[in-house]
Structure formats: structure tokens, C-alpha cells
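In the two assemblies presented below, subunit A is common to both, partnered first by subunit B and then by subunit C.
Entry: the complex of A and B
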């Protein structure tokens, strides 16, 4: 598995798209800090970008990579290698290189602009950790979709739909249910609904660490109480891990049974 | 005849000089003839000056019942040892200058103050430093005075056992100028006090409000800075207040605001800067107020309108980078927005007259939804909200139809920096 991981990883590292992705974040980081020069303010802007773009790129890249390397995968399948190692290796290679691009691309400009001297370092670390989690989660989900769909167009369609659902439609349903049931106490419900969606969870985790959390008012106080203590943090990390592990398990399970 | 008048005038002048020379200076120090301020006050004649030299005077309940000047040299310390009120002025024409007063007693039944002025006129309190206080300077039915260049530094922790820095109760025509108030309950508090001018003060880190008006009319405050208070300024149940060139900054917290207007009529708010407050101005039941040339920068809500507010006009203000520009809780709108600059405005100006051709609608759909269902605020900064805000902007359905700036400015009007 490690060998395949290594191969996938270096294949991607050498590929143009990884560089583009890396340079995009590098440029973004520099431009943000050049325009603003305030590390903690740049974190807020980055959050908006990360919770939308990272899942999208993870999804698209995962599907694309799977379909593109399909012939090579079939070649590997003819070799005496465990199936789960082939797919897990590929998955980790893609997700790893994406996460690396993200962390390096954003890390370098922020370090150059004095991240270690500012007190935003914790917020920034949290941003990168959630960004990393989102990459792993959405790449895993997209691999699952690609594995279940032979038809590329269908696979792409489902993958984009999945992203659209978690990034946009979910919030719409969330909002509608809040408005419809506004006569009832909604704190627990909104807490649960937030935790269940990795994008919402990441957004709230970062928001609560920033000044802007004062805007959240009473609901924000309930959230802060929950996420502020250790149990809340453990639960949210566990939730993100669960979102990563479950698709990966399904991936290895499915790959063993699939007829190529 | 003219010679007679001249002589009369000279005699009059002489009489004045003689009387003046009777006004003695009485030194007070540790090894002087007079060692305490209380003793000094009792031996002094009217219009004398008590020259208080450097040292520590452990005294309280000092009653000043005749026109005197208490002049401190090198800030003598008057230590009340937490026993109660320190100085009480019950005479007209009293001046306090250059004193350092500490340890005012705390009580749950009476409002002990470092300096209390009762039913007196023409007082002047200047260059006084107050620390470890309960109430600072307390004016009770006292008018025509001046509170100038004092420094009040409290260490208040709870609202229920702390007092106000400068309090005016039933006092009129007082000037409060260049004071620094920090760490008390309300920095400056006015109750039933009319025609007060409050200029150039700095009120920071107070538990409740930087400046608080209750039932006080025709007051003016200019060039003050209110920073990091529970709430910057609360103006309640008052009429014709003028607020110019003040700075409301960093009043940040879940229940904080730069300014709270409640039942205020006919006020004028001009040239102020509201920066980084959770709510810039919170308006409840306030009518006929004009807001001109203010800057609202990086607030959570720039203006939050609750309840019935009629005939207010907002013109030539700059709304810059606020999370929400205006929040409204009713569909009815009787307020006018005209020629403001909105940093969120995305319209165009074809005839290049500096005024946008498309009206700007300052109420976002999200802020409308949040007003109806507060829990929805958890969707702050989510992609979905951005999308529906955009669609509402293109074709408004939910937000009040006539709530718009028909002539939004293309450029920020003026730069204060």
C-alpha cells in the first residue's frame, strides 16, 4: 500500500494541477496579507474560501483522478496486490498531496508575514486542520462515488451534486426547518444539524474562535458553551474523523467486491 | 460731575483690592500649623485658599460650607480609608484643584462619592485624580459649574456594587470637559440634567455605559471617545440631544453597542465614527432624528432599528464593511436614506455624476430572517446565505419595498484621516 501511496503521491506532486492548486493558495495568501496585513483578519476571509473551495476541489480532483488512472488501476489489479491497498494508496496519495498543497500554500505567506509573532496562530492552525479534514472527507466521498459509477458523466454529476448538497442545499433545508419550527426551542436542533454536516461544523468551529462570534448572540452563547469545553471539541473532532473513516471503510469494502 | 464719578470709581477699586487682600492663603501640611483639611476649612474665611501640600491626609466627610479654593500642590493624597464620603460641597463658588482622592467607602444604602456637590453653583473641579472609588464626582441639584481635566480610575467588577464616574442629578448648565473616566459602572451619567455640554472626554473600559442620559434634554456632546465599554453611549427618554464628532469604538460583546437610542426625539447625530461595535446604533422608538456624515466601519450591525421609529433621516453617511448595514424588524418604513455611501453597493453610474443609477437596498434578506428567527444566525457566512442575499438583492420580495437609498454615492464622501 505504501508503495502505491508513494507512487500516487509523487505522480500528483509532479503533475501540473498540484502546482496550480499550490500556487493558487500561495497567491491567495500573499494577496490577502498584502491587502490587509492583519493576520487575524485574513483568517476570516480565508475561512470563507476554505469552506467552499476545499470541498469542491477535493471532490472534483478525487473523481478526476480516479477516472484518469482507471487503466493503470486495472493494470495494478492484475498484479498480486491487495485490492484495498491499491485504492487506499491512491486515495491517500490524492488527499495527501491536496492537503500538502493547501498547508504549504497558505502556510508560507502567513509565516513570512509573522504568524508566529501574532496570537492568530491557534486560529490559523484550526483553519488548516479543518481544511485538511475537509480535503480528506471530500476526496474519500468522491472516490466512493467514482467507484460506484462506471459512467464518468454520471460520476461527475453525483460528485458535484454531493458538494452542492453539503455546501448549499443542506443549509437551505436547515434554514427552512428553523423558520418553520421557530415556535419551539431550537438550540439543540441547530447544534445537532451543525455537527452533522462537516462544512457547517468547520465553519462554526472557526467562527467561534474569531471576534465575529459576538454577532451570534444567544444561540452563539449556547454554541460557545458546547464547543468551548473539551467534550465539545472532542465530539467535533470525532465527527470530522467519522466523516473521514466511514467513506474510507466503504471504499475498501466496496473495492473488494467490485467486479472489474 | 465727572471728577466725582472718577473718585467714586477709584474708591470702589480700592475697596475691592482691600477685600481681595483679606482673602488669605492658608497652608496645610504635615508639620504646618494646620495639619488637616477639615481644620483648614473651619478656620478659613470666605474666599480663602487652602494650599494643601504634598502628603497623605486620612480624612473623610470633609464639609465645605463656604466659598473656598482647595489647591493641591504636587497632588496631596486624601485617603478616605473606605469609611464613606470624602468631600461634600454645600456652598457656591468652591474650587477644587490638583487633589488625589482614594478609597471612597462602598455602601449598598447610600451613594458615597469622592466629591459631592449639593445645591451649589459656580463650582470648579479640575485636575483631580480619583482612584478606588465608589461614586466619583456627584452633582446634586447643582448648576453653572465646570468639571475639567480630571482623571477617574475605578476598579469596578460588578454592576450592583459599583458607582458612576461623573454623575449629574438635577443639575443644569454644567460643562464636563477633558476628563478621563475608566473602570467604573457608567463613565458619565446624567439624570434630569438639561443644557449640559460634554466635550473632549475619554470614557473607556466601563462596566455599563461610557455615557448615559436619562430624562435629560438639550445636551450637547462633542469630540468624546467611548471605547471598550459594556455599551458606548445610552441615550434614553431625552429630547434634543446633539451628538457631534464622537468616536465609538470596540464596544464589542454579545450585548454591546456603540450607541443605544431609546425614546429619543429630535436629536442630531453628526460627524461621529462608529467602529468595530457589535451594533453601531441600536434604535428603539426614536423619532425625527437626523444622521449625517457619520462613519460606520466594520460593525456587526451598523444600525439596528427596533420598534416604531418614524421620520428619521440618514444622509451622507459612510457605511463601510459592516456585516449588516441596516436591520429592520417591521415591513413598515417611514425613515429616509439619501445619498449615503455603501461599501456593499455594486451599481453603476453612467452619467458620472457621482450618484449610483440603481437604488441600494441596505436590508439584506439574511438580516430580515435573523430578526424573525434569531437561531438562523448560525448560518452566518455560509454560502447558502450569500446566494439568497444575492437573489433578494436582484429582486426584493421580503424586505420592505421602499427601504432603499435611491441615490447612493459612488465614492466615499470625505476621509477623516
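Entry: the complex of A and C
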């Protein structure tokens, strides 16, 4: 598996798109920091961008890479290599190189700005950790979609729909149900609904660390109580890990049964 | 070498293989023939573990191939359509496959034989179909495995390369290897094959030597014998 990972990783690192992605974050980091002059505010703005963009890029890259490397995959399948290691190696190669672009692209400007002297280092680390998780989650989901759909157009369509659902539509439904059921106590429901969506979970996790939960009203206080302590953080990280592990397991399971 | 028992494979509603029983002994050249869509490639891919059968069993070198992959170390496979990752160079591809198989290989002799030296530093996406097929042949024959599977090896080759390919196949046969070939070029098959396996509608229709096939169909050349095989055996 490590060999496949190595080849996929270097293949991607050499590709133009990895550089574009890396340079985008680099530029974003510099602009936000030096225009804002405030690490905490820059982290919030970055969060808003990362929460939407990272899943989108992970999804698109994952689907694109899977379909584009079909020939490579078929070549590998006839070699004495375990099937699941071919797919897991490719997956880790894609997700790893995307996560590297993200961490390097944002890390460099922040370090140059003097992150280590600032007290925002924990918030920033949390931002990168959730960004990394989102990359691995959405790349895994998109690999699953691509593996189950021979038709590229369909695969692309489903992948984008999935992103749209988790990033936009889910929140819409969530908000609507809050309005409709406003007569009832909703804090447990809100908490559960937030935990079930990796994008919402990441957002709340960062917001609460930034101490602006007062803006969220009563539910914010409930959230603060839940996420603010260590158990909440552990549960959140566990949920994000679960979101990563389950699609990866399905990927390895499905790949063993597929015909090529 | 290979034993196939009651092999069934369905793609959706399309029944491709319906009960293949085939034994391939060690040593010699076996040609798998059949009309388009008769299941030749599916059969080969089942042996390689790329297609997972619905029913039946395949035994390669004494071991069932279900849920294993180690046995592929003893197989060299030439795929039908030479699709390679386009952004790799020929040299990189050869090095990568060697690295993945962790085996020594004599690619230099083959590169010289097929005159591929000028293409070594070119990207695979820029190569012509015939050149790609030559790269494909180099990748297949550079290892020394007891079983060689060739799916349409002649596609796109010029006459000189075709002669080299035939010589290569004969050399491997002399070394005592088992070689499976599919092809639609009957002249090529008649020249090199020891045994012919004819598949029709997912079943083995005929297995025997070229001479037996000619005698059975009362034809003098292989091309006509193959064309006549379905009608003659129906009457018999």
C-alpha cells in the first residue's frame, strides 16, 4: 500500500492543480493576515472559507482523480498487489496531498506573521485539524461515489450533490425545522443535528473555541456547555474520525467485490 | 497449471460465462478463440482476479485464487487495450512496475528488440497506438513468470515487430512456460498455437489441436475452420 501511496502522492504533487490549490491558500493567508492585522479575525474569516471550500475541493479532486487514474488502477490490478491496498493507497495519496497543500499554504503565512508568539495558536491548530479531517472525509466519500458509478457524469453529479447537501441544504432543513418546531425544546435536537453533519460540527467546534458563542443565544449556551468541556471535544473528534473511518471501510469492502 | 470448474459470470442481465470447465496443462501455447463478446476477456480477467465470478472455482498452480493475490506473482499479463497513466514517461513506467513487483527484469534486451530507445523519455500520452503496444509487450515479457497471458497481443504492431513478438513467444514456450493467447488474427494463431479453445456464448465449444479442428470441420485452413465450427458441430 505504501508504494501505491507514494506513486499517487508524487503524481499529484507534480500536477499543476496541487500548486494552484497550495498557492490559493498561501495568498489567502497572506491577504487575510496583513489586511486584518488580527489573527483571531483572520481565523474566523478563514474558517468560513475552509468550511465550504475544503469539502468542495476534496469532493471534486477525489472524483476526478479516481476517474482519471482508471488506467493506472487497471494496470495495478493485474499486478501481485492486494486490491484494498491499491484503493486505500490512492485515497491516502489524494487526501494526503490535499491536506498538505492546505496545511502548508495556510501555515507558512501564519508562521511568518508570528503565530508562535500569539495566543491564537490553539484556534489556528484546531482550524487546520478540522480542515484536515474535512479533506479526508470528503475525499473518502467521493471515492465511494466514484467506485459505485461507472458513468463519470453521474459520479460527478452525485458527488457535487452530496457536497451541496451537506454544505447548504442540510443547514436549510435544520433551520426550517427549528422555525417549525419552535414551540418545543430544541437544544438536544440542535446538538444531535450538528454532530451528524461533519461540516456543521467543524464550524461549531471552531466558533466555540473562538469565544463568540454568546452570539448564539440560549442554544449557544447549551452548545458551549457541551463542546466547551473536554468530553465535548473528544466526542466531536470521535465523530469526525467516524466520518472518516466509515467511508474508508466501505471503500475497502466495495473494492474487493468490483469487476474491472 | 490452470483448472477452471463450472465458471459463471453475469454482468447485470448479460450472462457472459455460463459454466466454463477448462483444464490447461503446464507448458505450451493455448489460443482462446471466439466471436466478439463471447467471453474471452472475461475468462482471462477471471483468471487474473480482476473479474469476480458469480459461481465456480479457478485453481492456478494448485491453489484456489479466491481472496488471494500472491499467485499473480507467477503471471505476466498483457492487457487488450494498452491504457497507461498518460503523465508518466516510458522509463518511469517500467521502473515503477519493476518496483511494484520487486523483481529483476531484463527490459534492456526487449527495449532494443522493439527499438524503443528514442521513446524512453517521452510521455505515454504522446505515443502512438503501436508504440504503446510495444511498451505493453516489454512490460509483460520483461519478467520471468511461469504463466503468460496475452490478450490480443498483435493489435497495432508493424510486421517487423510482429516477427519479434512471435519469436519471443516461441522462446518462452521452449523455456517450458504456459502461454494463453486470445487473437482474431487466424494466421497468427495457426502459426503459434498448440491447442485451440473455442468459446461460444459463454461455454467451451471445442478444445483440441489445430489439426483436430481442421479434421472435424473438414476445412483446409484455420480461418475457414473457425468460421465453420458452429455449423459443423451443430450437425454432428
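In the analysis below, the second predicted complex is superposed on the first by the 259 of 260 C-alpha atoms of A that agree within 3 Å, B and C clash if a C-alpha of one lies under 4 Å from a C-alpha of the other, contacts with A are read in each partner's own complex, and residues count from 1 in each chain.
To be clear about the criterion, a residue touches a chain if its C-beta (ideal position, glycine included) is under 8 Å from a C-beta of that chain, and two chains touch if they have at least 3 such contacts.
Note that the structure is predicted; figures quoted are calculated from it, not measured.
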item: Simultaneous placement of subunit C and subunit B on subunit A, clash or fit; value: fit
item: Partner chain(s) touched by A:72 [first = subunit B, second = subunit C, both, neither]; value: second
item: Touched partner set for A:83, first subunit B, second subunit C, both or neither; value: second
item: Touched partner set for A:3, first subunit B, second subunit C, both or neither; value: second
item: Touched partner set for A:259, first subunit B, second subunit C, both or neither; value: second
item: First (subunit B), second (subunit C), both or neither touched by A:203; value: first
item: Partner chain in contact with A:175 - subunit B first, subunit C second, else both or neither; value: first
item: Subunit B versus subunit C as contact partner of A:11, first or second or both or neither; value: second
item: Contacts of A:111 with subunit B and subunit C, given as first, second, both or neither; value: neither
item: Subunit B, subunit C and vertex subunit A (Cα centres) - angle in steps of 10°; value: 170
item: Smallest separation in angstrom, by C-alpha atoms, between subunit B and subunit C in the superposition; value: 37
item: Overlap of subunit C and subunit B interfaces on subunit A (superposed complexes); value: none
item: Complex contact set, residues of subunit C against subunit A; value: 11, 45, 48-52, 69-73, 75, 77, 79, 83-88, 96-97, 99-101
item: Residue numbers on subunit A that touch subunit B, as the complex places them; value: 47-48, 51-52, 167-169, 171-172, 174-175, 178-179, 182, 186-187, 190, 194, 200, 203-204, 207, 211-212, 214-221, 223
item: In the complex, subunit B residues that touch subunit A; value: 252-254, 256, 278, 300-301, 323, 369, 372-385, 387-388
item: Touch list for subunit A against partner subunit C, complex; value: 3, 7, 11, 14-15, 69-72, 74-83, 257-260
